[in-house]
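Before anything else, here's the structure in question.
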Amino acid sequence: MLGVDLQRWRSRLFYGALVVALGYLIVMPVWRLQTLAFENDAAGYESQFGRPDIGETLRTTVGLAIASLVIAMVLGTLLAYATSRLPRRVGFLRIIPVLPIVMPSVANVVGWAFLLSPGPGYLNALMRQLPWWDHLDSGPVNVYSSTWIIIITGFGLTSFVYLFVSAGMQNISSEHLEAAQSSGSSQLGVFFKVVLPLLRPSLVYGGGVALLLGLGQFTGPLLLGQNEGMKVLTTEMYRRTSESPVNYAAAAAAASPLVIVGILVVLSQRFLLGNQARFVTHGGKSFAPAGGRSYWAAFFVGLYGFVALVLPLLGVLIVSLSPYWSENLSWDLFTLQNYREMVRTPGVMESVSTSVVTSLAAVAICVPVGLAVATLVVRNRHLTVVRTIADVITALPLGLPAVIFGVGFLLTYTQPPFILYGTKWVIILVYIVLMIPFATRMQMTALISMGNTYSEASAVSGASPLVTSLRVTLPMLKPAVLSAVALMFILLTHEFAASLMVRSATTQVMGTVLYDHWSNGSYTLVAAMAILMSAVTAAGVMVAMLVGGRNVLDNL
Amino acid sequence: MMASFRISGLSKSYGSNVIVDDLDLEIDEGEFLVLLGPSGCGKTTTLRCLAGLETPEAGRIEFKGQAVYDSSARLNVPAHKRSIGMVFQSYALWPNMTVRRNIAYPLKVRKMKDAIAAGRVEETAEMVHCGHLLDRYPSQLSGGQQQRIALARGLSARPDLVLFDEPLSNLDARLRDQVRTEIHRLHESLGFGAVFVTHDQSEAFALGDKLAIMRAGTIEQLGTPDDVYNNPATDYVADFIGMSNRLELRRSATGWQTGDGVDVLVHRDLPDAEAVVARIWPEDVQLHRGNEPLPPHAVALSASLLSSEFGGRHYDVTVAAGSEEFRLRADAATHGSWLRSSTAGEPVAISFRPDQMQVYPLGEVAVDRPLVAAS
Amino acid sequence: MMASFRISGLSKSYGSNVIVDDLDLEIDEGEFLVLLGPSGCGKTTTLRCLAGLETPEAGRIEFKGQAVYDSSARLNVPAHKRSIGMVFQSYALWPNMTVRRNIAYPLKVRKMKDAIAAGRVEETAEMVHCGHLLDRYPSQLSGGQQQRIALARGLSARPDLVLFDEPLSNLDARLRDQVRTEIHRLHESLGFGAVFVTHDQSEAFALGDKLAIMRAGTIEQLGTPDDVYNNPATDYVADFIGMSNRLELRRSATGWQTGDGVDVLVHRDLPDAEAVVARIWPEDVQLHRGNEPLPPHAVALSASLLSSEFGGRHYDVTVAAGSEEFRLRADAATHGSWLRSSTAGEPVAISFRPDQMQVYPLGEVAVDRPLVAAS
Amino acid sequence: GCGGSDDAELAGSWDEILEAANEEGEVVIYGTVAPDNLELLKQAFEKEYPEIELTYVRGTDADILPKVEIENQTGQGTADIHMTTDAGWIDRSLDAEYSVEVVGPSFDEEAYDRDASIIEDKWFVTSATVFGLAWNTEKLPEGLADPEDALASELAGGKVGVTNPAGIPTYVDMYRKIDVDFGENYVERLAEIQPRVYDSAVAIGQALASGEIWATPMSSSTVLTEKANGAPVEFVVPEKPFGVPWYSHVLSSSPHPNAAQVLADFLVTPEGQAAISHDFIACLPDIEGTGLGTDLQAQDVPLGDADELSSDAVQAYQDEWEQAFLG
């Protein structure tokens, strides 16, 4: 008799508890920060927003974000189009646009500095061999200029835009393009009149994410922008937390505009994606643009891979093999000394295992939690309130720079009721928070595209909901889950902004060790460490590919 | 025979849209019931309420005398505890399991180990002629094979009631015929109760022991295929099952006549109606070349040829008679040669026997037969 | 009439798979050609080569005397420069544009401003009875309406050649009939050349001026529907167009007989063949109750009833005769009452006239008729 | 603040302390000194006390100070000894009971000069660094003799590197000092030649080695490591160098109070100094490998004035500096 109610209440209770836990984890640190910023008559706000240069800082933040967003959107879209047009023989090239995320952003930025520093940059030195530049003794490119910071930041965001746009392109059936072609549109016409308008949701979504990442961009401005005194909100936050005495209140205040924009973007994406029916193109065959395949596409993708991946990696690799950073390359100077030293340095190898362990632990928790949230949002439409809250909360971390969570966690977990400081747990918790959006979104997308029929078929076969999720839903989500795992693993093993705040001195991850080398040691060691990180990440991805097949990266 | 499955007073809405509206339906043991209706009339929703995949707002559903849903008692047995099988339009085979595991799944989750050991999986696969496909994955099968496996999966646990939601509409013409015959035979040999949703009338006629024609959440007519075919209850039913020729008649001094003034003999008593609509099957309409003599005692209308489509032993011909269009089947042997060389606009005549008409009061009102009672 | 569109020696492979194999085909001006064939035989590929969406390896394609593809001249006019319209199975309407913009698109990109100003968009929409839908988005339309709009889009620029790739297979039974008739009429009034791909034979017969039956990348038979229906060139064609009853015959002392020893008169000269296969249309097979007298001069076989499906004025009956299954159409008026009460296994007899058989040498070889010439 | 864990208590006599320290078996030091020196310290200490394992953590003040504070607040100590140059923090810590008194015998050695070296029996001077002139020997073979050479017109326009003092009191202090010690209005004139700005002394050292800049008047002595690796750099201490002393203390949250005392004591022995002050200024006289070619001793390098380095004062100077160098 009570069957209906009991069952309802059980699921309500379960999801309610889940949402409360996530709410505590995600909202609490932000709350703590804001409390701090508003303490003593909002002294934090006053100290941060009373600065004479705050206007300039905000302008730079927005300018950098928008300019690099534009670059990323154009490149990401073109790449997505190009990869869909790769000749069959070189189809493997389509993983190239996502590969740059395997390289830590610090390595990427430092790599570019090695290549394009106006004096000893290898590429600059090469270019100065050219007749029309041979009179220069520095340049021609100045990587420390804001133009180049924007370009490099834009390159960094391109992979993310690509991920969203190419996923969107997969959903456009080829018949929609052929229809345009046979109506008399040239290939260019098809791209502008049909492909781009149909991509609007992906562009809006990917653009939103890239905008947030651009606003939260930290590495480029900090490492390259010193020269011209470039200040953005994140570097300001960093400054406030690295001056003495540390001014957390001001850092929290500096984060506020980002928090607000983040929430706005997340909400507006939710709103825009709610009306997506007009962009869904149903129909069997997947995207294969009209007009056949082109070697120009292969050339373009290859060129991008060379510029965005090979060049900076090469820069880093050369430096890691040199005894010191120098524009004069010669083979006999190359040495493995840096690697030897790195291995000898205490903590480095522990940091590798800490990174891997904490990342895996976070991923292992994120996957089921993400599945539960995805199921709640997609399949439990009757729990209106809970599911809306869950949806917004889990999207939130995407909108906030990791540094914010780092500081917030430091403040939250060094006080009762949960004193976790100094344990790996606090790192794992931050990682969970940072990755929840990815775990949730990716599984949500997969669940939506899987539809209800598979689980309904299981229910009418006599399987209870639990059996259904174990035997049907999870196995069918395997590719999506593996892709999510790969992406989260990549992002987490590179993480340093949040880790920096919550690590204890004896619990280091790779990102923080690299950061320490960067701020205390030598660039050659930084380079070696960056190579090590890339190798660890690549190994992780390789394992995921072994388990999940070659298309793990495609499914991103 | 006692009704084995009984739906009474079932209602279900989405928001303010009432989708299923106080619906009553009974399915006898081993009976094959076809739910026929246009898109959006609530067929799938009714089926899903039966399966327990959707929770209705009101009503009662009984399986073999036991309530599985009862709004007054707040009872709702979940889908996995009802003894049903279901076959989906999109097959919904689990792509990560082999055919064998797909078919064995309902047995496994219902802990029917004995049946598995006794070779039920192989037996069921054999029944749908797919015994040789057991170790393939669904993606390695053609559409027809996939739908057969879905059938086997729905039947392997020998449920009391099997629900079909347009299982044939994703198949192409030839396969559709094959799988349809397959379902027919399996039903005869296993004798399960079945509810089969479709909006293809020829499928409905071919398969059903009984037909329920739905309209906007209620049942408009329930009867045997023969009954429905020969005596559609309402104009709506007649139209929906393909009795597509329609002729409006007005009362004249002597009886009834068409808009063009042709007298028509109506065999029914229609005391109050001023205007009626007559329905005639395309098969019942005769085609005559312009100069042919017309049969006596038949309703004859002069018309002009619109188009004709070859159909093997017959032609599907469309003609315009007055303001109405008529579709009819013309025998290829008799009419083939001139039809092939004729052009649109050619004058022809059509005729049909008055007793082949079904007559309904004009307007979209659902009525009971005999029409007299409805007036 | 001179062939308006000519394909000669067309070949196309994917990797080592030859999909289209030295194919020749001609379409006259204003002719409606239907390409019929089983899944995977290369219909779509041929169509896409015609459209310029796929690049063949060899051959030549001419539009009105002008080559648009010629492998020897290395010429390949891209799709957007050929005067074609195309209608897809999945409609492929652009979901972000209104119906009006969808229909206007071919005119816009071909810079036909005058036609737009002259109301071509509205006119074309009217032609498919969708004039009132111009400002809706595709997602707000039903399947049938979407396919009509797709049709309008394919026709709005009045192309010389319209290509249809199974445009009806996503529609349900009633809509399919409606849109089919629509296409038929539009073709008659606008007179475009058309290539229509399908694997539904009734569609092919109804629509085609000419039928091309494809098999593994080549044309197995090309002819009018009537010709193909009455004289399928090969066993393969006969099977594919629905002549589903099959009877193997072996040479006996006196002539030919079935596996069960029934003598069969074969009207054709087959000097070398030891065994042949005969094909008979279901419509040509007569059903007899066990105790009825059998017609003289007919081939009669005793059989047992397997199943019967109600179809309105007829029943689709399946019987087993020896090791073969026969499908036949039994008239409802004559056989309805006993069929309804009969059970599977009941003894019956079937008969057909020897001249209604088509006879082919046994084996899957494609042959020319008359058979004598092939031997 | 509360001490370490309950069973960790300081023993009575030095011998008992040594014994208890061996029992504890490990000791952790947090420091801002160069990692190479910490590595040398580890080796030297473990050679002297083979039963005690030393773990060091190298970080910036921004990293380490909050951690020390938090460890003290939560009572979850990790570090035993902490070494810093932050005068303001040292000053504030004296009121916060972060430290315990040092008891080792070496603090009373004459050469160490207890009175000049220890603040309130808790903070003891450990080492010092001085900033000097450095140049790239390939780009600038003639080198720099005194700070004035760094202002040469051929180095204008980005060939000299300077550190951004943003939020770092030590650097603010340095700018203020060299503005006087290196010559009249030195900082203003330095700004005029438009030097390239770096985030840290380390970054300057790297840039110098690579040839990105040719010279700097404010290099840390760590470029000597690069020199040892073969980089074309040279380093000299000017006449009136700016320097900063490192002070250390034993933490009251120390989980190994006895080993902490032993390490504190070891730091001011000649063996300890040879390690921790290598390429820096030692707090004992005549230690091999220290002194940077001068006869300075760590006690000679004054600790900054905590009041002048309040965060408001630092912020004010930062604004001024940015106006001059980046404006």
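Letters A, B, C and D mark the chains in the order given here, with residues in each chain numbered from 1 onward.
Just so we're on the same page, a contact is a pair of C-beta atoms (placed from the backbone, for glycine too) under 8 Å apart; a residue touches a chain by one contact, two chains touch by 3 or more.
For reference, the UniProt names are A = Iron ABC transporter permease; B, C = ABC transporter ATP-binding protein.
Keep in mind it's a predicted model, so treat the numbers as computed, not measured.
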Busiest interface, counted in C-beta pairs: A-D
Between subunit C and subunit D, centroid-to-centroid distance (C-alpha), Å: 89
Subunit B-subunit C separation of Cα centroids, rounded to whole Å: 26
Chain centre separation (subunit A, subunit B; CA means) in Å: 54
In subunit D, residues with contacts to at least two other chains: none
All pairs of touching chains, each written as two labels joined by a dash: A-B, A-C, A-D, B-C
Subunit B contact footprint on subunit A (complex, rising order): 1-5, 7, 451, 453-454, 456-465, 467-468, 471-472, 475-476, 478
Subunit C - residues contacting subunit A, complex: 48, 51-55, 78-82, 84-86, 88-97, 105-106, 109-110, 137, 139, 150, 153, 157, 163
Subunit D residues touching subunit A - in the complex, by the definition given at the top: 28, 30, 34-35, 39, 42, 55-67, 70-71, 73-74, 76, 78-79, 86, 88-89, 92, 158, 164, 166-169, 196-200, 202-203, 205-206, 209-213, 225-226, 229-232, 311, 314, 319, 322, 325-326
Complex contacts: residues of subunit C adjacent to subunit B: 39, 142, 169, 172-174, 180-181, 184-185, 188, 199-203, 205-208, 225-226, 229, 242, 281, 283, 306-307, 309-313, 316, 318, 336, 340, 344
Touching residues (chain side subunit A, partner subunit D) in the complex: 52-53, 117-120, 138, 222-223, 226-229, 239-247, 323-327, 333, 337, 345-346, 410, 414, 419, 421-422, 500, 504-506, 516, 518-523
